[in-house]
Structures are given as structure tokens and as C-alpha cells.
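Next come two complexes, and both contain subunit A; in the first it sits with subunit B, in the second with subunit C.
Presenting the complex of A and B:
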């Protein structure tokens, strides 16, 4: 079956490992573009959140390129994400498309059979051993990708030549995608780090540091957040990214090897507790906890990204007003929908960074 | 000893659970003060103190809390998480106590019991007992008050539900008179669906239900549909819905479609995440029932009465035109 995955940041690095190498024909959804957004917006229910719309755009573009099966994650609330795949399926069927939706989620009741079937479709007659090996390698690819993405956040504001950091990253991502074994990954890691070191101006110290929190998809998908990390980097700001695919998948798998990120999760919950004592789905509580932690870590401020009408993040936004006041810690909330314009966004971001710089000066003087 | 005054905001989930709390707290000797039905002042208070991104029903909840704050010793704001397996309340209701205390200052002490039946601390009984302890030390009295109020609550709840067949015999099949003289006299059956804090708050929905009734409409709601029917209807879905409140709305919608009522009006809140998905499911279903007219009214703080009136009239017009045709009246245009 020709299979496709929706896009999310650089998650495409695993496409070969979990699809092509398993003997499937891979259809790559084109990178997110205005066309993706327009298609998604046109056919999605009007009041749905932005990530659903974009993912629907990916699906339409992928089916148009010949995809027969769409892989999607699921869930069971309380936020909308768990119902995405169903609504998308309905919409695509209404449009007259012929396809199969392969939903991967923790099963309930009859769901276990569907999950089993989907896993077997993915396995495609290969041995279990081989499949596990591929999944493990995909995990390693994700870990390395995120490690480099985090590193680039430090390099970018310090780079000697504008754009160098992003270029290095882009090249390495391509290599990770083609890699077939751990040794190659290790090699890529080493070389990239060297290149990063070379591109960095070591005299740039004491930069403004900002935590990036908020809804998972919008925070990790540059097209949707209007390249927020790059924008900040070029303003001389070091971004500390608080969401990661690693932390998102780890609790779902509940596997021993991910113990570390469990501990982190506990710490975040603990930090949020005083302000938001209960999980509200999505990243709601995580956003609050991460802002409290960012303050403790001595960062200058935090930016929260919110898809318009996102339920968990609106809870968090409400509460962050109070957190920010109590801790005297500046937070900026950026709300995204299909109409978000570049200019308004830039003005707000620049004003926020100016504010952080002024606060630094004040502290230095006193 | 002075009676403890406990305030209950007349908003959100209290449209469902007020009778239970009122019964329980009163039995224990507390004085329960319910806020006024929503009015302009309450709405304005809420809008002023909440972020604009927050949905209208939560803003209204804020308004009710503020309107009570000077009159009571405590305000009851339960954290509603889960009342049945496999379903939740919406994120905003789960986070409601935290949202309220982040946004509103100088409030009386808030009582925020957690209702989460998956946990032993969160069962209805334990949760209410926790609150009861504030009022009296006598735990057997609390326990008795709980079981009595619970029983009454359940009985009243069931009393509202019409027997499914009765419902349609009495109100639907028999209500088309042989020869209505004027168009306006053709009775129609319209189901008004939505979260009950929208359908039952006549200030917010601009008195929609009464307006319909005055126009000779037999109004049907989700509350009168038996839970067993709802459960059965939900089986039509490809994937179960995991929001308790919306389950009722969708189940009732599917039922009314099947019963071929004349029209369905779905009331939704603009910023509501549940409604955005559920609206799509109902809309999708409506395409299978071309005989049933379907429309959605979206509410936010900017909704105007004139706009709603026009839409009601247009909707009824369309339905009556269809009916006139069906019962063989000559068209009047």
C-alpha cells in the first residue's frame, strides 16, 4: 500500500525507516505551504483548531499524489486531538476520496483488533524482529534530530554568517533521513557539532534567553508558527524549546528506556501544581509548569504559542497571566490561526524582546 | 451558630448538578445561595474579567462567581473531570477552579471538590463527603445526607425523561391538525440541541425556546431522551465520543434525525472546542436525512437578538413551506 504521514517539523526523517524499508511505497506529503493551508482551511469544519486543518491539507495533497493509506495518531481526550482522525476521515470521504486511515492509538475494547490490523499492515509481512529493529532506529533518528534542533537554537543567535546554522541543520536532517545504522548517525552527530562549533562566534555571551512553550504542533512546526525560532534567533535570542517529540512519544510507549523523560514530566507537573493542579489535556499543564521552571532556571521570559480556540492552551493562557504577575516573569502569548499575518507577529515579538533587553539593563544598573 | 452560606454559580455544569448539591448542603444545615439567572450585569462582569479567547459559557460562569462574592462565605466550584468510563469533561471545566482563581481577585474561599469517578477520592460520594465535613463533624449524618440527596437527584432526573414511545405518540404523530387555517398554525417539531447551559439559559440564547413555543413549535430537547437511547444511538459512530456532555447532544441529535423531526437547531459557542467537532459529526449525519432541516446557531458575546430572530423566522418559514406542501395546502405565494 502507498502510505503517507502528515508533516510535523522534521518527523519525515523516519519515513524511510518505518515505511520504505518495511517494503511500503512511500508518498511524501509536500512540505507545508500556503496551498496545504488553503486546502485544509477550505475543507475543515470552520471552528476546528489549526493543526487539524493543516494535517487535513497534508492528507489531501498526499492522496492527490497517490497515497492509499494515511497514518495518523489518535487519543482519548479531553482535548480535540483524539477526534481529529475521525473528522478528517469523514471530510475526505465526503470529498469522494478512496483511502484507508490507519490510526495508531491505545486501543479500547474492539479497538484492539483495529490496532492489531494496522500494525500488521505496517509490518507488511516482515519479521517482528525486523520491525522492532526499525522502530528502534526510527527512535534514534528522532532523538538525534531533536538534539541538533536544540543545538541550533544556541548556534543561530551566535552565528558568524547569517543563515549558516539553519543551512547546516538542513543538510544534516537530509543525512539522518538517509542513514541506515547507528554508526552513521553517530558520524552525522559528530560532524554536525563540529560544523556548528565552527559557525559560532564564541564571544557572544549572555544572550537573552526565552522559553518556547505552548501547543505541541504549533510549537514544533515552523511553517505554522511563522518560523518563530528563526525569527528569535536572528533577533539575537537563544530559544529554549520546551516541547519535543521525544517527550510526546515517551509516555505513550511507557517503556523502560524512557525513564528520564518521565522524571522530567513529574518535575513539570510539580512546578505547575500550585497554579494548575490538574492535567487539562494537550500541553495545558505542561505549558504552565514549563514557564514556572523557566523562571527558576533564570531565563528572561517565555513565549506561549496557541492555536486559536485551543482548549488546553486557553486554560494555560488564563493561568499564565497570573503566573507571570506573581513571578514578575514576562510571558508573551501568540495566537495562531489561518489569518495570522507576518507583520503583526513581528511587531509583537520585537516589542517583547525589547522589553526583555530593557529589564536586563535595569538589573545590571541596580 | 450562624448558618454557613455557600454560593452556587447558576452556570455551566450546575444546570445539571445544582439540585444534587442544593439538596445535600441544605440537609447538612448550610444555606445555599444560587446566583441570579444570567442578566446583563452578570454577563458584563464575566466579559470584563476573562480573557477574550475564553468561550462565552466560561465567561458567564465568571460573572456568576463575581455576583455571589459579596454575599457568601464559600463558593462551590467543583473540578469536573470524569463521571463515566471513557469520557471526560472539557479541558476548561477540568481547569475551571484554577482559571477562576487566576483571573478573579478577592473571592470568598472556594470549595473545589474533584469529581473523577476513576479515583477513589473522586467518586460522587467521597467528593461530597469532603465538602460536607466543612459543615458538620458528624460523618454518619453526612453519609445519610448524601444517600438521600443522591436518591432524590436520580429520581428527579428520570422523571424528566419521557418514555421514548410516549414522546413521539403524544407530541409528534398526532399534532398535525387536519385543516390549519393559517400557515402559522401548522405545528412543527423542532429539537433544540446543545449543552444545557446554552439551551436553558434564556438570557444567552435570547429566549429562543419561548420564542419557538410562541410560534407554535413543539420544542424537543436532549434532556427528555432516555440515556439508554442515547447510548444506542452513539453506536452509530465510528469512534466513541470522549466528552460526557457532548455524548448527550450527539446521541439526541441522531435520535431526532431518525425520528424525522421537522428541524434540528444546534446551539453552539463560538470558541468551544467540543462544539467544533461535534457540530461536524451532526452536520455529517444530517446529510443522510434530507427530510430533517438542520441549522446551527453560534453564540458569542456579540450575538444580537435581531440576528437570531431573523434566523429563527427563516428556519421556520422553510420548514412550514415544506410542510404545507406535504399536507397539501395550497402555497400562499
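Presenting the complex of A and C:
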């Protein structure tokens, strides 16, 4: 079956491993663009949040390129994400598309049969051993990609030549996508780190450091957040990304090898506890916890990204006002919808960074 | 005379200020942008030139701010390009280092800036809707056939005010029409509009913020004494409207330019007051080098490209460094 995986940051690195190598014909979902947004906005229910709309637009583009099946994650819980895949499937069926939505989520009751069926479609007659091997390698690809993405956040504000860090990352992402074994990944890691070191100006010390928290998709998809990480990097700010695919998948899988991530999840909940003692769906509690942690880690401030109408993040936004006041820790909330004008966004980011710089000066003086 | 130039290009107004070395205002110009920022910057500069005929003006630093700051910076050759929140805060702090709150209401957006010990600690901006901005008042004034300059005086004359919904421009307008049909006086309706706008501002822009005195009120709408009075009533504090309230952003930009040139002394990038006689052309294209599809803008003087920006990777960037 011709299969496609919708875009999310650099998730495409696993396309070959979980699709081509499993004997499926791969349809590359195009990078998110204005066209993706137009399609998504046009066909989604109006009150839905931007991530659903963009992902839907991306699915339409993939189907137009010939995809017969779409792979989508699902979930349970008060955040609408758990029901995205079903809504998107119905919208696409209403539009007359002929395709299959392969939803992967922790099963409940009869859901286990669907999951079993979907796993078998993905397995495509290959041995279980091979499938497990591929999934494990895909996991390694994601881990390396995120490691490099995190590293680039440190390199970018210190780069000798503007754009160098992003270019190095782009090239490495392509290589990770083509890689077939762990040794190659190790080699890519080594080479990329060397290139990063070369591109870095070692004299740039004591930069402003800002945590990026908030809704998962908006924080990880540069098209949606208007390349927020890059913008901050070019303002000379080191971004500390608090969301990751690793931290999202690992607790769901609840496997022994992910023990470390489990601990992180506990720490975040613990940090949020005083302000928000239980989950409000999505990343609501996580956002609160991550801001408290960012303060403990000595960062200068935090930026929360929110898709317009996202309930969990709106809850977090309101609570963050109190957190910010209690801890004397500046936070900025950026709300994203389909607007493309960037001036208002730039103004807020720049003013926020000025604010953080002025605070540092004041602290140095007193 | 050694001077610093500040340019604030907003959606509705383009303001220019020339400061001397001792931060005295030599000239200040307030123009309506009318969608033609380049033309208005040139016009502003020629007014400044005319006002100071016979005096040799040496501009040793230029700062730009406002939503058109990048374009203005590229065109004039700015030494510093800053967002308007910082610019407004810097200007207010210069006048009163103890200022705690700044209400800034411009044509298309409104801001609140909270300061502590001379440092910005929090801010908020509205851009979702224009209900709490100058454009809203402009619109209602023209509906009522009253010049916007007299709007505030009408409000002050009112004995009572009519309650008008302030959450949304559209609701406010239909509410206003309804109250007119009921026979309320113009003055009372205008006073009601001012109160509605202040309520809207404090609820939306000032949401959850601690408003402490001294409070500065700046931006074009500060000319409106009716709004000032409503702010006083709602907050219970005195509202200070600084002398140069209309051009505070430009003053801030000039002060920032001065600070920059003191910290990193160098020759200003300013193209000189002669730029008013030059022919500027801007154009843009979409780069298709990668999926980002950046919108690249370039600006030409007499056919020669002087600056290019808007690309994320730096492939096209050209000209001076102050712009992104």
C-alpha cells in the first residue's frame, strides 16, 4: 500500500525505516506550506485548533500525491488530539477521498482489534523480528535527530556565519533519513558535532536562555510557530526546548528502556503540583511544570506557545501568570492561529528578549 | 549641531523626532502614514530640514521603531532598529525614571507596559481586534460627523454618560446607533464611547496586570481628553500625558540610537538628509531555494540595490547589519 506519514518537524527521518524498508511504497508528505494551511483551514471544522487543520491539509496533499494510507497517532484524554485522526478521517471521507487511516494508539476494549489489524498492515508480511528491529532503529533515528535539533539551539546564537547551523542540521537530517544502521548514525553524530564545533564562536558566553514550552505540535513544527527557534537564535538567544517526540512517545510505550524519560515526566508533574495538581489534558500540566523547572534551572525566562482555542494551554496560561509572579520569572505566551503576518510576533519576541536583557543588567548592578 | 534622529513608522502615523546631544527635542513631526511609509519618511525629513534652515544638522545616530521599522531602517540607514515596546518604555523612563505603568494607544494596536525600578517587567499588546484602538475612535467620529480632534472635548462636556458595549467594535456601533435613536445627546454618547474603550483596554490589554502609579498615557489617542478622564476614573490614579505624547516612540528610538553610538562608537549608517531627493523603489520576491519560501524584500535607490532582507538563511541578505 502507498503510505504517508504527516509532517511534524523532522519526523520524516523515519519514513524509509518504517515504510520503504517494510516493503511499502512511500509517499512523502510535502513540507507544510501556505497551501497546506489553506487546504486545512478550508476543510476543517472552524472551531478546531491549528494543529488539526495543518495536519489535515498535509494529509490532503499526501493523498493528492497518491497516498492510499495515512499513518496517524491517536490517544485518549480530554485534549482533542485523541480524536483528531477520527475527525480527519471523516472529513476526508466526506470529501470523497478513498484511503485508509491507520491509527496507532493504546487500545481500549475492541480497539485492540483495530490496532492489531493496523500493525499487520504496517508489518506487510515481514517477520516480527524484522519489524521490531526496524521500529527500534526508527527510534534511534528520532533520538539522534532530536539530539542534533537541541544542539543546534546552542550553536545558532553563537554561529560565526548566519545560517550555518541550520544548514549543517539540514544536511545531517537528510543523512539520518538515508541511514540503515546504528554505526552510520554514530558516524553522523560525530561528524555533525564536529561541524557544529567549527561553526561556533567560542567567545560567545552568558547568552540569554529561554525555555520553549506549550502545545506539542506548535512547539515542534517550525512552519506553525513561524520559525520561533530560529528567530530567537538570531536574536542571540539560546532556546531550551522542553517538548520532544522522545518525551511524548516514551511514557506511552512504558518500556523498560525508557526509564530515564519516565523520571523526567515525574519531575515535571512534581514541579507543577503546587499550581496544578492534576492533568488538564494535552500539555497543560506539563507546560506549568516545565516553567517551574526552567526557573529552577536558572534560565532567564520561558515562552509558551498556544494554538488558538487550545483548552489545556489556556488553563496553563492563566496559571502561569501566578507562577511568573511568585517566582519573579518572566513568561510570554504566544497564541498561534492562521495569521501569517509576523510583525506582531516579532515585536513581542524582541520586546520580551529586551526585557530579559534589562533584568540581567539590573541583577548585575545590584 | 550634533543630533540623533528617531523614526517611528506605525500603521496609522509616521513620526520623526530630532534630538540634540542633550536630549532636547529640536524638531518633531507627526504625519499620517496613509499606507505610504517611504513617502512620509521623506516628507518628515524635508519638514525637519525646512524647520532648521540655516542650521547645520549633523545626524550622528539614527534609530527606527514601529511596525515599519525594518523598512524605515533600510531606507534611512539606521544604527539601531528596535521594537516599539522598548522604544516607548525608554522614552517614558527618560522623562520619569519612576514610571510604573505605560498605556500606549496607537492607531492599530494598543499596549500596556509594566515597569519596576526602571526596567520593563511585563507587557501586553492587542492585535486581535481594533476595538480598543485609535482606529475605532476615528471610525465613530466620522460616523457622528465630528472631527476626531474635538472628540475629547465633547466627552468632557457631558453631564452623564451612556453605557455602550465595549467588547467589540461591531457591538459598540450597533449599541451606539440604538442609543442615538433613543434620543441621547451626542456628548453623552461620546462620553460613553470613551468609557467603553477604556473598559475594553483595561479588560483585554491590561488583563491581570497590576496597574500602579505613576501612569503615563502616550500614543496618538492620548490627545483625547475624554479617554484620559475615563482612565482616571477607572484606575483611580492620575494619568500623566507627556508633552510629546504623540511621538514618544520616535523619541525612544532616538534615545536608543544615542545609547548605541555611545556604547559602540562608529560612523552613523545614515544616508543623510539628502535622501529626501532620492528615488526609492521597493520590490519583493519569493525565494524558492527551499521549502521555507521566504519573502525577500529589496530596496533600491536610483536603481541600485541598497538593502535586502526577509530571508531566513542569509543567502540574500544585503546591506547594513541592524536589520534582521
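To be clear about the criterion, the second predicted complex is superposed on the first by the 365 of 366 C-alpha atoms of A that agree within 3 Å, B and C clash if a C-alpha of one lies under 4 Å from a C-alpha of the other, contacts with A are read in each partner's own complex, and residues count from 1 in each chain.
As a convention for this text, a residue touches a chain if its C-beta (ideal position, glycine included) is under 8 Å from a C-beta of that chain, and two chains touch if they have at least 3 such contacts.
Model, not experiment: these values are computed from the prediction.
**Student:** Is this a clash or a fit when subunit B and subunit C both end up on subunit A?
**Tutor:** Superposition check on subunit A shows subunit B and subunit C fit without a clash.
**Student:** Return first, second, both or neither, reflecting whether A:321 touches subunit B, subunit C, both chains, or no partner chain.
**Tutor:** A:321 sits against subunit B and subunit C alike.
**Student:** Quick one: classify A:48 as touching subunit B (first), subunit C (second), both or neither.
**Tutor:** A:48 sits against subunit B, while subunit C stays out of touch.
**Student:** Looking at A:351, would you say it contacts subunit B, subunit C, both, or neither? Reply first, second, both or neither.
**Tutor:** It touches subunit C, and subunit B stays clear.
**Student:** What is the value, to the nearest 10 degrees, of the angle subtended at the Cα centroid of subunit A by the Cα centroids of subunit B and subunit C?
**Tutor:** Angle at the centre of subunit A: 80 degrees.
**Student:** Just to be sure I read the superposition right, which of the two partners does A:278 touch: subunit B = first, subunit C = second, or both, or neither?
**Tutor:** Only subunit B; A:278 stays clear of subunit C.
**Student:** Contact-wise, after the overlay, does A:142 reach subunit B, subunit C, both or neither (first, second, both, neither)?
**Tutor:** The answer is neither, since A:142 touches no partner chain.
**Student:** Give the label of whichever partner, subunit B or subunit C, reaches more residues of subunit A.
**Tutor:** B
**Student:** Per the contact definition in the header, classify A:309: touching subunit B only (first), subunit C only (second), both, or neither.
**Tutor:** first
**Student:** Please work out whether A:343 is in contact with subunit B alone, subunit C alone, both, or neither, and reply first, second, both or neither.
**Tutor:** The second partner, subunit C, only.
**Student:** Quick check: superposed on A, how many Å separate the nearest Cα atoms of subunit B and subunit C?
**Tutor:** 5
**Student:** Hey, what residues of subunit A end up touching subunit B and subunit C alike?
**Tutor:** 321
**Student:** Where on subunit B is subunit A touching in the complex?
**Tutor:** 50-51, 53-54, 79, 81, 86-92, 94-95, 97-99, 101-103, 114, 237-243, 268, 270-277, 279-281, 283-284, 287, 298
**Student:** Going by the contact rule at the top, pick out the subunit C residues touching subunit A in the complex.
**Tutor:** Residue list for subunit C touching subunit A: 67, 82-86, 109, 117-123, 125, 127, 208, 290-293, 312-315, 317, 324.
**Student:** Could you please specify the touching residues of subunit A with respect to subunit B in the complex?
**Tutor:** Against subunit B, the touching part of subunit A is residues 45-49, 74, 76-80, 82-83, 85-87, 89-91, 94, 108, 275-282, 284, 306, 308-312, 314-315, 317-319, 321-323, 335.
**Student:** Any idea which subunit A residues touch subunit C in the complex?
**Tutor:** Residues of subunit A touching subunit C: 30-31, 33-34, 161-163, 166-167, 170, 227, 230, 234, 321, 330, 343-344, 346-348, 350-352, 354-355, 358-359, 361-362.
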